[in-house]
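Note that chain A is present in both complexes that follow, paired respectively with chain B and with chain C.
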Partner chain A sequence: MKITAAAHAHKPLSLSDPDGFKYLLITLTLAIIGLFLVLPLATVLTEAFAKGWLTYRDSLTHPDTLAAIRLTLLTALITVPLTTMFGVCAAWAIARFEFSGKNVLLTLIDLPFSVSPVIAGLIYVLVFGAQGWFGTWLSDHDIKIIFAVPGIILATLFVTFPFVARELIPLLQEIGHEEEEAALSLGAGSWKMFFKITLPNIKWGLLYGVLLCNARAMGEFGAVSVVSGHIRGLTNTLPLHVEVTYNEYDFVGSFAGASLLAGLAVVTLVIKTFLEWRQAQDLKSARVASE
Partner chain B sequence: MPQSHIMPGFRPAISFTLVYLSLIVLIPLSAMLLKTFQLSWDEFWAILTNQRVIASFRVTFVSALSAAAVAGIFGFIIAWTLVRYPFPGKRLFDALIDLPFALPTAVAGIVLATIYQPNGVIGKLVLAVFGVQIAYKPLGIVFAMIFIGLPFVVRTIEPVLQEFDTAMEEAAASLGANRLQTFIKVILPNILPAALTGFALAFARAVGEYGSVIFIAGNMPYISEIVPLLIITKLEQYDYAGATAIGLVMLILSFILLLLINLLQGWLRRRNGQL
Partner chain C sequence: MSIILNNISKQFGDFTALANINLDIPEGELVALLGPSGCGKTTLLRIIAGLEHADRGEVFLKGSEVTDQPIKNRQIGFVFQHYALFRHMTVFDNIAFGLRVKPKKERLHETEIKKKVHALLNLVQLDWLANRFPEQLSGGQRQRIALARALAVEPSVLLLDEPFGALDASVRKDLRLWLRHLHHELNVTSIFVTHDQEEAMEVASQIVVLNKGHVEQQGSPSDIYDHPANAFVSQFIGHTNVFELGQQDTFWLKNSGLPTPETGKVAHVRPHDIGLDKATGEGAQAILKDWQHLGALIRVELLSKDADGGMTTLFAEMPNEQFKALQIDKGDKVAVRIRHAHWFH
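== the complex of A and B ==
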């Protein structure tokens, strides 16, 4: 900020910044983005293909990699719908009704965002682990949660918890309830109102939340790492597979897995940009229509 | 107390919300609290005042503060440039800012370690020119935390700069202020709440970060071991009490940070309302 201020001083009585200053800032911006964002993305690819296409392909088709991909997809398939359902319910209750304790509820919904992922894993170990609350009962009944798939799903549910709710609450509040009330007073049932009025109104915001939730569910590392146990072919998600192979100095294998996750990140960013654009368009046309 | 009597669905929606919240968040979190209560105060204190634990807290907080400060400055420069100056490819670069949000932390971790290690692309250069090693040193932790903190700052400052009324700058200039005075007296005070919020968000994220840090950190106890890693190490040694006590302190700190961020965001909203 000091640099900015000092450079501004060169041209007094002016509204726009001097050209030299402008180019300096554009160069700095491109340098930061290039070194901190573009270079890492490019490095994933160069490292993944460091030993050629065939090694890359063999790494990806290795049974452990395939098992990791399957587990990652399964985790997302279970967690994303649950987080979405929670998000819609929470947003409906919070945005459409007044009740005491609403602010506390909002803070609690945000809480998983500010908790370290490692703690997200730790708390489930304390409940379901061998020494945890239900540890003895679970082992007596031969049910495995920690160091098994259910633990991975629970930890992922925790870290993705706020994703959909946080998108929908402000959106529902902004849209208002006039259209919904009109539909109800014209005789529509609750579900009809929801599917014909509410859902079309929030669809871009909902997809946005689902998209980010999915990216986090597939990419979560810290929380899942605590509860997974890193059992090859069984409890390694793709991010954990990346870690395990990296620590075994199988860099091509690690970066091959990483290239899939980086691809997921890029696709997520592209769809996200599209959804932001669509949402802005919808808001604009809604404003024009109301005028 | 529903606000409108004809709106349906309050009971099922709030019931599901509260049950789900309790099952996924509240009950597991309270397990941590209850587990810590099984310790005597002396035991709890002994865990936290252990030299290795204190060192890991120091490493984590010093790194997170430095990283949030650097991310704050970088983020401000990027937000300013993206909002104020036209240049080719701007939309692409703008979309790229969110990469650290979207890139899984394990991927970020191995990539950053590869780039900054002594024979990596940047690591080699920095070692040759400045004689400083980044990866496997405390400095590596800071670099990883800058990476994950950057989008928080840009995305908080950007909308405020976009909404900023340039008429205020015009007024200042027409009253004889030079660009520096306008910047310090008009622009900076209006951007400050957003900048502080971005800084706090980046800091909060960096303190709890695990995946992108551990590959580059070197993980030497007392020197480059972060708190989340120490928690995992204790768990792997079946020291549940130790892991839980440290975890509870981290949880309380994140709670305080969350409240602070909420206050900052309230301030930010009020300031913007005034504009």
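== the complex of A and C ==
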């Protein structure tokens, strides 16, 4: 160990590692990750395939599972574009303009991060449920929100709407306003400026936000659980379907669904790493270009 | 008149950035907005461009009022301090941007655009960089591309915000001269912002000196240097010896040839308006403390004893040959002759 310390003599003393502390920490971290992340993930797969490939395939192609997959995709398809649009608008307003109440708006955007998802579901039940504020009016007009697809979409919107905005605000602030002003001075209108200058500059950050938003939209359990009503084949999203089948001791069905969600997580992670790398590259080149 | 500003005022909260600015800028001039940092020069430039809104006052470009027009309708070219090149586009696409975003019926055919971009690249002598990205260019190259991009839309007015501020000293020198020559060639009315008086004197045909949101003086470089309107301009442009004429100072200054001062006035004397002679005894008013070689000129640092025993430092400048002829060195006594002074309150 003395040799190691000598080899790193050029580093500050506080960073040298006389007792092999480094290896201890790495081992500990790996053990924890293995125990709490890798092992459960492996369990998901082994349980899903416990009764063989055919059973796995059958549970995935079961009409209820397919309905859950369809509903999950539909929810993501509707909420992700909406939160993306909201996120871009909100981030733009906050990063580019000075107005009173800006900090209040920032705090409000963060609200879904600090509120328990169950509460997010409950507030919609309180507002749109049969006993809620608009309950009578809605039932008079035969509009179903709670225990139906609109409720699921609303709850998902609530929990996902900070993702894109939170990602873009610091990015827009870092990029600055000068290129946009240059575009305007060259005769571009606001839309052309946005699509030709701003969007290309923020595209990796935007995709990053969209990706995280999508992962949350497809994986959300709490908020959706409250408003869904768990009607099989109708209002079960994939995470709800996993729970329902598990409670009915259909372990293969449950873990087959879980394996899809786990797969989504892995794909998300890979894309996320790629996007982070691209964004760092872009910011680096931008910093070089304005030196 | 190409640019007219009428009573332009601008507040940022409690801070008055600009107070009643009136300016007439004739066609074809290359104007420097010169002043210390925080004097409002960049704000004024941005108001002319339409990037900032004045609280009061009007802006006229080429005879028509543009106060409420957005920047895209003003036909201006703007060059940003940090270039603001579009980082995801090649040099070619950067320069072509202004031509390509024009409405369809005004837009040139792509082959015409190509021709024009290459002509501009040749103008800034960087045709070989067409396919590079901004991050691959040096600071000086970026600045020239930014200028070419601004010129592509054939602006009636060219505005440059601290165009040489972010460049190395040697590159800056070259680019100054180049900008002046380019302006001769194109003759487009141009305004650039700078805090560097040397840069303003070297490049501009007209200088507007700003201080604390006011115009202190407008004129040609020699006007401003030879006839400063007030104490601020005199001190900001070039070096100046300032003599606040209290009782004590008057004696030796009078002996130096300075006319009898009016009470309460301050004398500003340029270093080259001070002559020296080798002297002994009564005729000597100062001691040569030190001297520096500035190239063609020698700067002499003098100490003069006041009647009350205090010391006044003054600087004189003279050509090399003249200094040699005097045969004086550190510690020698000298007689001071003040040839010319500006008097300010």
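The working rule: the second predicted complex is superposed on the first by the 274 of 291 C-alpha atoms of A that agree within 3 Å, B and C clash if a C-alpha of one lies under 4 Å from a C-alpha of the other, contacts with A are read in each partner's own complex, and residues count from 1 in each chain.
Keep in mind that, in the parts below, a residue touches a chain if its C-beta (ideal position, glycine included) is under 8 Å from a C-beta of that chain, and two chains touch if they have at least 3 such contacts.
As the structure is a computational prediction, the values presented were derived from the model and not from experiment.
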| item | value |
| --- | --- |
| Combined model on chain A: chain C and chain B, fit or clash | fit |
| Per-residue touch tally on chain A - higher for chain B or for chain C | B |
| Chain B versus chain C as contact partner of A:288, first or second or both or neither | second |
| Touching partner for A:182 - first (chain B), second (chain C), both, neither | second |
| Contacts of A:172 with chain B and chain C, given as first, second, both or neither | neither |
| Touched partner set for A:99, first chain B, second chain C, both or neither | first |
| Shortest CA-CA distance in Å separating chain B from chain C in the superposed model | 5 |
| Chain B and chain C footprints on chain A, overlapping residues | 181, 184-185 |
| Complex contact set, residues of chain A against chain C | 178-179, 181-189, 192, 196-197, 200-201, 282, 285-286, 288-291 |
| Complex contact set, residues of chain C against chain A | 49, 51, 70-72, 76-78, 80, 82-88, 97-98, 101-102, 133-135, 137, 139, 142, 149-150, 152-153, 166 |
| Complex interface listing, chain B residues touching chain A | 1-4, 6-10, 12-14, 16-17, 20-21, 24-29, 31-32, 35, 73-74, 76-78, 80-82, 84-85, 87, 91, 93, 95-112, 114-115, 121-122, 146-147, 150, 166, 169-170, 173, 176, 178-180, 182-184, 188, 204, 207-211, 215, 227-229, 231-232, 235, 238, 240, 243-244, 247, 250-251, 254-255, 257-258, 261-262 |
| Contacting residues of chain A [partner chain B, same complex] | 1, 4-6, 8-15, 17, 22, 25-26, 28-30, 32-33, 35-41, 43-44, 47, 82, 85-86, 89-90, 92-93, 96-100, 105, 107-112, 114-119, 122-127, 129, 131-133, 154, 157-158, 161, 177, 180-181, 184-185, 190, 193-194, 212, 215, 218-222, 225-226, 239-240, 242-243, 246, 251, 254-255, 258, 261-262, 264-266, 268-270, 272-273 |
